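Input: structures, listed below.
There are two complexes below, and they share chain A, which is joined by chain B in the first and by chain C in the second.
Moving on to the complex of A and B:
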């Protein structure tokens, strides 16, 4: 019985892939009052459907491990349904329906984690509903201008109306992607969610906000340029959006470095990475949008890989803090390679496709001559190396700092299969960046009415500012890796003679196996000595939100005081109000 | 055939059945009849839909002019009739199938529930002011007695308080009726409506205010709704479901029926009603944030929804009125569901305080799941029907380029989400330290009691996915509610 349910669940998780492959004609569903929901697959939604089709089964696989949980499977199926509705929707109501089903079903899934607390759960649902209601307000504004709910360019609207709509829609989508200062729910949710579900939140749900942001310029007749005029040879609105993205990624990067918890670090890194995508969408050229889509693809794969791998580590050790782990390289070699590949992709280093994505975005920034933005982005992507280093060093190298870390074994196969598949996909994308552009990205750009990027050959990434050949690059890096590894194994015998891992001493103290010794401990603490970074790290919007909660509760208490328990007060109030209103009316009536 | 088509049945049948109750006690038919009568009337009402669509049904029984019983069944009243009888049948099924407390199973509750439904039906059907007052008192008195049925301190206090405030409201209303009669010499609503413009303006204002305060208390409008949480808290949750599901809806309907009928120009009342509705909604949602008792929380949430309905009806455009009628139906279903779940939890846990309900979702999964479903519907999240009705209302405002109600409705929904999801989070709390070990003292509920709840859940989903099934009914209801001239012509023409 439970096996049948599990197989059924796995089949459901393949539904986005099925939708992508066999979707036929548009489907319409009349709702009421002339509102008709239309669902169809277009190139733009097809791209995001592809991400969903890749990610959904890979997250479902680890969820199947252990006792069967009917409600969790049901909610996950609902979540997938909501996201498919959202992507297929040709009108705003269908979009909103999908958006909301996604919101509440993911919230209920989040509640199933033992770690979720009231604050985390409330911030998740309230931020997401605030985003949804901003969206709905925007939709209604749109409707009041056009009299129609179809997603298409506004025919005629004044500049002020366009700006208000852009602010409402933009606010909704920026909350979803976790832009600062509206990000506070992201680290809490990713941290508290069930471990494998964090992968889904980070890799796939944040992309729905990106989908919205990609659609946003198409709603306005002149795109982003029509909103606030132009600045520095580009749309001013896009310039603002790009800065929002870059500032988000800088701050989130530094926050990530200072995290002690693995999933929180990944959460901040996710905010930072999605910030790059936001920046690229702000630039808005076809090069930048290509980069944004490429980055979305890579980020989906990388975050799936990392979150599933770390979920496996947490499953095997029960530890989630960097300081409690260490030396897992011998015990969990596949996880080590998964994280290695993951951080190379995350940091955007060659030869993996993260490099191609960042390269496209950088080139787009150069092309737009927004050099200050480029510098800021370089800063944040360089600083990202530090947390990437922490991700590989702290759990896998150094000394094991907890009994569990000393006894851990490789994660069970439902975790390993997605890891291996994702590693393979990332390497393939690294070898053939041109293929990805031809097959996946160009159709979207054409669908948006932009110039295709094109690629001279499947292995090559080419822009007006030069490119590179993925095959060559991968061969060079691969051979270098082989040579170094080979040398390492050849010299292994001699290296052992260096002594034990504890053969280091400072200040006259020789640590023993019991001494907690962790090179990654306290990493990021030194950052606080840098003035600006210290200022960033010490700021948080938690206090503002706590204040808002306190104020609404105070208002609630104050108004609640009106609801007294004694009937004489009720009657007195009713009679008094009647008398006052009557007097006022008679006075106003002049009698 | 002639007999079948008169709307009198909707009032006469439950009255007859209620007064013959000693017979039913002997035959042990109380609970089946409590279920069967509303069901029968529901079927009758649904079968009347095509008839009423052609022309409203009028029925006049003259006692001594101008006193008489004038019944007027139009599309809007039919929507309410279907709603009331559906709710009555669901309520009866819930009482019948569960192991209900004895004080809700005997002869008294049988009579009182029948009378409550009769009173509400009568208020909706009646076409003259005096009968309106009579039905208002029938519904009121049965409601006071229902809330005191449990005979413990809390219930008696609630019943007494309800009696006091309800009587004050009735006095205000009666004054208004007396003044109208003195001024126009008429009690038939249509006749009054045609003469109303002739009354001097200050007198019009006085009558309007008296009506507003009287019906405002009954329809739970801020600032006349301070009694609501106390009464709902003191009554049994299943009774509170009736109050929130049927009684309030009837009073809101009466309020707007009178406003739309009496005032040739609804603009006069629009600002007042929309303002009061918005205030009711915001204040109630805010106060609900801090509630620690499930019944109080549901009471404030009910007030918030009433505010939304009044805001939408007050605007009096066809889309918002139709949406508001739909929202009334949704809110009745949702509040029945939520209060039934509260009743089940109360039977099992013997407390409805937030602190005592930690982790209840793991012990009563179906009930808590239904609570989540109801919460999603009341918050207006798709794909449940609450979304559709809210969307209809919002669309009506957007089409009229009026944006402040949209902002307020969305803000109120966000506040509402804050407390509903707080309760849901507590229900699904996994921390065993917070769960009260000795609190699960009540018996486990049998499976049949969940049938009406599941049916409500199914209806909420069905109306959310396929709202076009009901669209025509609501649109016609809104049209007949707003079509003052046509109603006057039909009634006065028929009397000639």
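Moving on to the complex of A and C:
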């Protein structure tokens, strides 16, 4: 019985792929009052559907392991349904319904984790509800301007109205992607969610906010440039959005470095990486959007890979803090390679595709003449090297720091299969960035009415500013590596393995098993000696959040003050007022 | 065939230039400190001695592969930097790359190193790596901003196009875009791991640093790649700011004059702590870079 349910569940997890492959014409469903719901797959939603189609089965596979969990499977299926609804929706009603199904089903899934506490769960649902209400306000505002719910450009709207709409929708989507200072739910939720489900939250659900942000400029006749005019070579409204994204990623990167828990580090890194996407969307040119989409694709793959791998490590060792692991490289070699590929992608190093995404975004920033943003983004992307190193050093290198880490074995196959597949995909995309551009990115850009980036060959990434060839790069690096290794063995002499792990140059001392040799969580602590980093890390957004709470309490107190204790009086007053108004209207000959 | 010969020539040239420049540096610093100093060939001898050691201690597979990754990264970097302009030779694969790619390739080495050092299990080594990565975080921001000013000036990321745009000495970016050069100069010294921004490497006053566990042939590989990498970076700056070179002799002359400038600066100042370095880079070169952006991009009289 449970096997059948599990197979069924796996089949359900393939539903986004099925939708992507067999979706035909648009479906319209007339609702009351002449409004109809339309569902269609356009290139933009197709891109995000592709991410969902890739990620959903890979997350479902490790979820299947172990005891049969009917409710979790059901909620996951509901979540997938909601996200597909959201992506297919051609109007805001379907979009909002999908958004709500996604929010609630993921909330209930989050609650199923034994680690989730009241604070984390409440902040998740409160922030997501705030996002949903902003979205609802935006949708109603949109309807009042157009009289229609379809997602398309506003025909006539004043500049102030456009700005208000942009702020409402932008606020909703920025909460969803965890922009500072509205990010506080992200680390809590990713930390407390069931380990494999964190992968889904980070890799796929954050992309729904990105989907919204990509759609946002299409609502306005001249895109972002129509809102506040242009600055240098890009839209001024986008400049603000881009700075929001960059500041988010800088602060989140330093926060990530100072984390002592693996999943929290990944959560902050997720905020930072999505911040780059926000920045690129702010630039708004075809290069930048290409970079944003590429980054979205790479981030999805990398975060799936890393979260699933770390879920495997937590499953095998029961440890989640950097201090309590170490030297897993011999015991979990596949996990080691997975994390290695993952951090190379995360750091945006060539030859993996993270570099292609970074390249497009950097060139787009130069093209827009926004060099200060470029410098700020570079700060966050080089500081990311430090947390990337922490991610691989603390669990895999150094010395094993707990009994569990000394006895761990490789994770079971439902964890390994997604890891291997994702590693393969990342390497392929790294060698053939042009292929990704042609197949995945360009259709979206054309769908948005922008210039396609194009690629002269599958291996080449080409822009007006020059490009690079992934095939040449990978083959040069690969042959150099093989030649150097080969030559090394041709040289005279022999290699000897150190006698024990304590056979170290240790300042003239001989370390023992009691000597604290693992540098796990301490790494990056010394960064606080840099004034700017200390300044960033010593500030939190709790005061901002507390202020927000105070203001909303005060506002509701003000509203509450209008009501008296005896509601009868108010009802009487309201009835009287209604009667007077009716009478007046009758007298005036209306109705 | 041409490609293979060309690649070998580039690797050979960068290696020879590397040990000669370092040999000169040791002589130069000795004379500044009123010592005799070793011969100019000393770095070559040292390197060969390491490479021919009969025994090498290893701490596991990643400890061994780390230096291989670094060396492969260094060779790749050398092959993606065009050494000459308007020539078929010494081009490597530079037509398939660009400036941003090269800047990222420069970082492959430190990261490969970080893996190997982590694998050795020596906490002092990891401390050294963290210092190196911290310094990288400090220097990369102004360095890249300066390069971005150049890329913006020529509206391309191709090193070839930037070189081609500098015909005569008056068109050198050193003179047409002096702010960019001033912005990158000090971070460039730091990226060469030269004083005053160096990270303590091996047994010095503190027995710590990224190289602490390496010995024998592995140390030889690390030294080789370091010398080649130094030359690749020098040639890159010559390409970008001094108009490139049309033959090997001009290339050596230009690279050497740049090396002399950086060596003089290195010898004049004592080492800063890592956090002081980062703070300095974020204040002085980055501040200058921001002024440069304001002056050349924001105001209409600029580019």
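Going forward, the second predicted complex is superposed on the first by the 511 of 591 C-alpha atoms of A that agree within 3 Å, B and C clash if a C-alpha of one lies under 4 Å from a C-alpha of the other, contacts with A are read in each partner's own complex, and residues count from 1 in each chain.
The rule is short, and it goes like this: a contact is a pair of C-beta atoms (placed from the backbone, for glycine too) under 8 Å apart; a residue touches a chain by one contact, two chains touch by 3 or more.
Source: prediction; values computed, not measured.
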- Query: When the two structures are overlaid on chain A, which partner does A:1 contact: first (chain B), second (chain C), both, or neither?
  - Reply: neither
- Item | chain B versus chain C as contact partner of A:587, first or second or both or neither | neither
- Task: Please work out whether A:140 is in contact with chain B alone, chain C alone, both, or neither, and reply first, second, both or neither.
- Result: first
- Query: Regarding the shared-chain residue A:526, is it in contact with chain B (first), chain C (second), both, or neither?
  - Reply: second
- Query: For A:67, is the partner it touches chain B (first), chain C (second), both, or none of the two (neither)?
  - Reply: neither
- State whether chain B or chain C is in contact with more residues of chain A in the superposed arrangement. C
- Message: With both complexes superposed on chain A, which partner does A:473 reach: first (chain B), second (chain C), both or neither?
- Response: second
- Message: Quick check on my understanding: which residues of chain A belong to both its chain B contact set and its chain C contact set?
- Response: none
- What residues of chain A sit close enough to touch chain B in their complex? 30-33, 35, 71, 93, 96-97, 100-101, 103-104, 107-108, 111-114, 116, 118, 121-122, 125-126, 129-130, 133, 136-137, 140-141, 143-144, 147, 552-553, 555-557, 559-560, 562-565, 567, 569-571, 573-574, 577-578, 581-582, 585-586, 589, 591
- Per the touch rule above, chain A residues touching chain C in the complex are 232, 327, 329-330, 340, 347-350, 355, 358-359, 362-363, 366, 369, 371-372, 374-375, 378-379, 382-383, 385-386, 389, 392-393, 396-399, 460, 463, 465-469, 472-473, 476-477, 480-481, 484-485, 488, 491-498, 501, 503-508, 516-519, 523-524, 526-527, 529-532
- Task: Within their complex, state which residues of chain C touch chain A.
- Result: 51-62, 64-65, 68-69, 71-73, 75-76, 79-80, 93, 96-101, 104-105, 107-108, 111, 114-115, 118-124, 126-127, 129-130, 133-134, 136-138, 140-142, 144-145, 148-149, 151-152, 155-158, 161, 203, 207-208, 212-213, 216-217, 221, 274-275, 278-279, 282, 286, 289-290, 293, 297-298
- Message: Under the definition above, what is the set of chain B residues touching chain A in their complex?
- Response: 161, 164-165, 168, 172, 201-202, 205-206, 209-210, 213, 217, 223-224, 226-227, 229-230, 283, 286-290, 319, 322, 365, 369, 372, 376, 381-383, 387-388, 391-392, 394-395, 397-399, 401, 403, 406-407, 410, 413-415, 417-418, 421-422, 424-426, 428, 430-431, 467-468, 471
